[in-house]
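What follows is a set of structures for review.
After this come two complexes, each holding chain A, first together with chain B and then together with chain C.
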Partner chain A sequence: MFAYIIRRVLATIPVMAVVALFVFSLLYIAPGDPAAVIAGDQATPADVERIRESLGLDRPYLVRFGEWVWNILNGDMGVSIFTNLPVTTMIKQRIEPTLSLMVLTLILAVSIAVPMGVVAAWKHGTWIDRCVMGFAVLGFSVPVFVVGYVLAYIFALELDWLPVQGYTAFKEGFFPWLENLVLPAIALGGVYIALIARITRATMLEVLQQDYIRTARAKGVGQRSILFLHALKNAAVPIVTVIGIGMALLIGGAVVTESVFAIPGLGRLTVDAILRRDYPVIQGVVLLFSFVYVLVNLLIDVLYTLFDPRIRY
Partner chain B sequence: MIARRSLLAAGAALSLPAAAQPARVMKFVPQTDLTTLDPIWTISNVARNHGYMVWDTLYGTDAQYRIRPQMAEGHTEEDDGRRVTVTLRAGLKFHDGEAVRAQDAVASIKRWARRSPTGQVLLTYLDEIGAADDRRIVFRLKRRFPQLIGALGLPSSPVCFIMPERLANTDPFQPVREAVGSGPYRFMHSELRSGSFAAWERYAGYSPTPDNATGLTAGPKLVHFDRIEWHTIPDAATASAALMSGEIDWFEQMPPEVSTQLERQRQLVVDVMDTLVFPCSMRMNHLQPPFDNPAIRRALLGAINQEDFMTAIVGPTPARFATDVGFFTPGTPLANDEALAPLKGPRSFEASKRALREAGYNGEPIRLLGTTDIISTSAMAQVAIDFFRKLDVNLDIALSDWGALVQRRNNRGPVAQGGWSVSCFANSGMDFVNPGTHNSLRSDGNAATPGWPSSPALEALRMQFFDAPELPQQQAIARDIQRVAMQDLPYIPLGGYRSLTAHKRSLVDRVKGFAIFWGIKRT
Partner chain C sequence: MSASSLPSTIHVPAIAAPLPDVLPPFKPRRGFIGYLRKNPIMAFGGFLLLAMLATAIFAPYLWTVDPTALAPARRTREPSAMYWFGSDMLGRDVYSRVLYGARVSLLVGFSVAILSSIIGLTIGLTSGFVRWADAIVMRVMDGMMSIPPILLAIALMALTRGSVQNVIIAITIAEIPRVSRLVRGVVLSLREQPYVDAAVACGTRTPTIIWRHILPNTLAPITVQATYICASAMITEAILSFIGAGTPPIIPSWGNIMAEGRALWQVKPYIVFFPAVFLSMTVLAVNLLGDGLRDALDPRMAKRL
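Moving on, here comes the complex of A and B:
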């Protein structure tokens, strides 16, 4: 197992290299010029050219790519073209809000979606099942930003229970931190809850038809034990897989959620950097997201062995 | 209904000891994030607004657009105007405690001049600039430059802010790393969270000018807040909700649909940000067909309806836009109505189609560049698309975000090679107040801004303006400029719109112009 993990961690290196090459090349050929954005719309071509030279954007592709890779290998992701802050500093400033949002959403989604899916499977064909499935369809269909606006309107503007926007760092206290994240986590969690609940229901329905469940019932095992101890454990592998795949959904959704709730996280950093063509920041953040995604996949593979002892690496 | 959060806030306030009164803090949402601290390196309105908090200027502009002394005590002219000496007020100090010296001003002026349109003209007049002593800045000119003092005091970006010499010696094409000035607020660098938050605190050592002028950037900059916080909220709906819920005090700029919602709130005021409009323009590529032909450019005039373009940006309320706008910002001294007849009166697409045919338009492709991420330019692009479709031209539409557009418009080649034909822009009203600040009027071909118009007559008049000593002469030249510009059309004026701002009703005495943080106070 340990050897497997080491092998997988080492395998991330070529994956990250391909991602790096891909991201850098895409940005190189994509339209946009940070020098022109900095110079402003009254700038003369000579001004734009001088700024481009000062930023080193006039150098050949291979020189810029080689320099970037060398710096990355030395732990230096470069400096933002606009803010002049190191990209690592900007990521450090933004990582806590995004991590907080994703963790809270994950906890919220799993703790709601899994019981929902289990109950829907148990009460298959009843109004409860239909309600859960209806919610799942709604969760998939309504965009995150619409849910965000509706929640903000009801809970912030009308009821004044929670703030409209912003983020309070965890070190300022648990409740202020939580207060700012409740609405964004619910908004972001909607689609995730829908996804997990549907998969849980489908997998549980399949497991509940198995002979060993019938045997357990015949032996007089309680319904709760059958559902959560016998059935759910055997349905866990596909559920964990979906939770892992859903991380990509969360990363994508965080971009929108952070904009709607003005949370200064990595999602907003990415959008701002793309709009300004702040290449070092875009490259750094995309590389980080790719690395996180690779790690999450590794974690999911390791978790399989906990839920299904037959799986061995 | 007593809301839970209000109750908690009230409880927290009551529990404060009497001596620990909260500082007077203003929470402000800027139009966009403060990405860079250097208002000379990048020419953005947020950088300028930040600049006016941190740095002071030698001269300011009052409500009547007259230039008044700020850091300067005054100036003298000798040798038929070829030697100008500006004297600094005594006792000025930077935020780091260092005295403001003439050497700081000299380095700042030199850096600014390389980036400013008027500054670049100044450099052609200048033999030398130096410090006679710690308080006297001496300009030695080849010949008299009547626009000198005005150039040092206009709030058009880039503004001639006075920085410490160690910062001002930075290459103007590289950003300065610190924000240290002698303005009314100190920038709190340690609190900066790029993309999210910036803060300034009142500078106790600020020395206001004794000149009692009032208005835009002139007169004593008396501040009534201990701390200004900028909270970047990219989504207008979220920012307006934050304003309605009382989380912020002032929301700088918003689209019309949001302003309508805010106007219904009794506790808020929605007002025009500036007394000046934002002039808008349709810029054509003068290097490539069909708009390399001035007759084809002029053929468009008969169908241009400025009201259509402005309504698309700010809605139908007439008080929120201006039409019959020429080449200078309405309400400023050089604005005039010379030769504007082709933009007035009944509009006719049929007449314009005929004029296009007579001018020799032969179905050449017209590529329109437009944005999708900026309210004003996106709205104008949509009207322009409709405009060209009604003219039955061979239209090719290329919409993108601003970042891609500013690169694409630098392509001087034909449409077939990725070039462009026409695009719409909006500018700050202060940019179009005179031919010095007005780079879109510049018509010296390849050296001009994208579109690259070439008009020797217009350039000659622009140069005449710089030599004109008094306002009546300048106004006469401005009329001539507009007459020639309406013939050669470096661009077509599309009108001007007023930017809206919203704040709590408890904020009063806001100085109109842009986001200015002196004068304004809480009742």
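Moving on, here comes the complex of A and C:
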């Protein structure tokens, strides 16, 4: 098992290398002169030259890539074109709201979606099942920012229960923090809930047909403990997998949610960077999110082998 | 009361009279219409999508005005008989803008679905058949899949000038890895099929095997995947435009209209509301169609999901 874990950890290195290579190479693959695009329409040739130099576009590709990777390994992601601050500093300043939002969404989504899927599978073919499936289709179809605006309009503007926008740091108290994040987390969680509920239902339907479930029923085990103890445990692997894979949706959605609810996080940083064409910042954020995504999925893969004795590689 | 007490004059027919013809002869409907009747949800999705397509195509004839015409004197009017969906802060007619916006959304959705299917099919077929290429291509795809699609599209858009064409290219690049993986998986399992072995034993050349035996079998899953890609591409396009990394502001796309209405949404929510409803309905239509196609093309999945 440990050999498997080590092999699995080593296998992520080429993936991360490809991510780094790809994010770096975009500067060179992009059609036209990226330095000119980044400098904008009103730039003087000197501006373009300065940006070209700061991006290292004037030096050979491989040399520049080597330097860039070496710097990242040493915790240096370059300097923002616009603010001249190190990208790592800018990311550090903005990471708390995004992390809060994503963790809260994750908890909220899993604790709503899994029971939803389980109940839908239990009441298979009834109106409850159809409601859950209908919700899932809607969740896939209504974009994050639409849900965000509708929620904000109803609960913040009309009912005045929650603040419309903004963010309060965690250290200023749990409830102010939560108050500001509830609506964004529900909005962001929509697609994620749909995805997890659907997979939970499908997997549970399969598991519930197995012999040991019938045995448990015959023994007189209660319905709740059949569903949540016997069946859900064995359905866990696909569900946890999809929770990991779905993180991509969460990351992409966070960028939008933060701009709808004016949360000063990494998503907001990305959007500002796009408007200013601050490529080093975008590069840094994309790289960071991708690595987090890879690591989360690595962690999930490794956890399987610890929790599910059926998995032996 | 015994039978003998009945009057003997009652005539009992030897053969029962034919039943009245209340039940018409059962004739199952077959073909396309019959299928749609059995799947009303898919029919609804298809109808909604067709309606949206018609809206996009015939936008100039649907009582619209020039979607870019400014009228500063009549800005932020509430929805009324003159401005069905109201007017925005530059006095442009939101109804016309939303209708013309359908063009951008559908164009991006369909283009990305078709392009990424074709490219993904090519890559998937190649890596399913050429062993040495497989390892390299799949590592590259793994890497690309590790970048959340929206972020990848954002990074690409930050380096190019905003245009519909660049948006299509950026979203296509972000979607390719998933299609390639899907096709490769199908190809690898098909290669093990006895009929492919038989074709190899007959001396069929590899290109012929791919064309005759492998490709047709990848079309069903790829069609289903393409509809889902179309749906997610439309959402991604709206997101890109909404955060200012998509189509240029002159083009009335749903994302752009919402981005412009964003500053005013607390007082004039309708500017954001109408494009949001249209976008959600269109994506819903495509998703329902995709679910219907999946059930039709793969009955085993229909039972599970």
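Some observations on this one:
Simple rule for what comes next: the second predicted complex is superposed on the first by the 254 of 313 C-alpha atoms of A that agree within 3 Å, B and C clash if a C-alpha of one lies under 4 Å from a C-alpha of the other, contacts with A are read in each partner's own complex, and residues count from 1 in each chain.
The definition used in the following text is that a residue touches a chain if its C-beta (ideal position, glycine included) is under 8 Å from a C-beta of that chain, and two chains touch if they have at least 3 such contacts.
Quick caveat, the model's predicted, so the values are computed rather than measured.
Of the two partner chains, chain B and chain C are each touched by A:Tyr153. Of the two partner chains placed around the shared chain by superposition, neither chain B nor chain C is touched by A:Val9. When the shared chain is aligned, chain B and chain C each come close enough to touch A:Ser259. Look at A:Glu206: by the touch rule set out above, it reaches chain C but stays clear of chain B.
When the two complexes are overlaid on their common chain A, residue A:Val103 makes contact with neither chain B nor chain C.
In the superposition on chain A, A:Thr270 contacts chain C only, with no contact to chain B.
In the superposition on chain A, contact is made by A:Val164 with both chain B and chain C.
In the superposition on chain A, A:Pro143 contacts chain C only, with no contact to chain B.
In the superposed pair of complexes, A:Val286 makes contact with chain C only, with no contact to chain B.
Across the two superposed structures, the residue set of chain A contacted by chain B and also by chain C is 30-32, 34, 37-38, 149, 153, 157, 164, 259-260, 271, 274-275, 277.
By the touch criterion stated above, chain A contacts chain C in their complex at residues 14-19, 21-23, 26-27, 30-32, 34, 37-38, 137-138, 140-146, 149-150, 153, 157, 164, 198, 201-202, 205-206, 247-249, 251-253, 255-256, 259-260, 270-271, 273-275, 277, 279, 282-283, 285-286, 289-290, 293-294.
Partner chain A is touched in their complex by these residues of chain C: 139-140, 142-144, 146-152, 154-161, 231, 235, 238-239, 242-245, 258, 262, 265-266, 269, 272-273, 276, 279-280, 283-284, 287-288, 291, 304-305. Listed in rising order, the residues of chain B touching chain A in the complex are 3-6, 33, 35-36, 41-44, 115, 117, 157, 171, 173-175, 177, 193-197, 231-235, 237-239, 241-242, 244-245, 247, 373, 400-404, 406-408, 410, 425, 427, 431, 439-440, 442, 446-450. Across the complex, chain A meets chain B through its residues 30-34, 36-48, 50-51, 53-54, 80, 82-85, 90, 93-94, 149, 152-153, 156-157, 159-166, 259-262, 264, 268-269, 271-272, 274-277.
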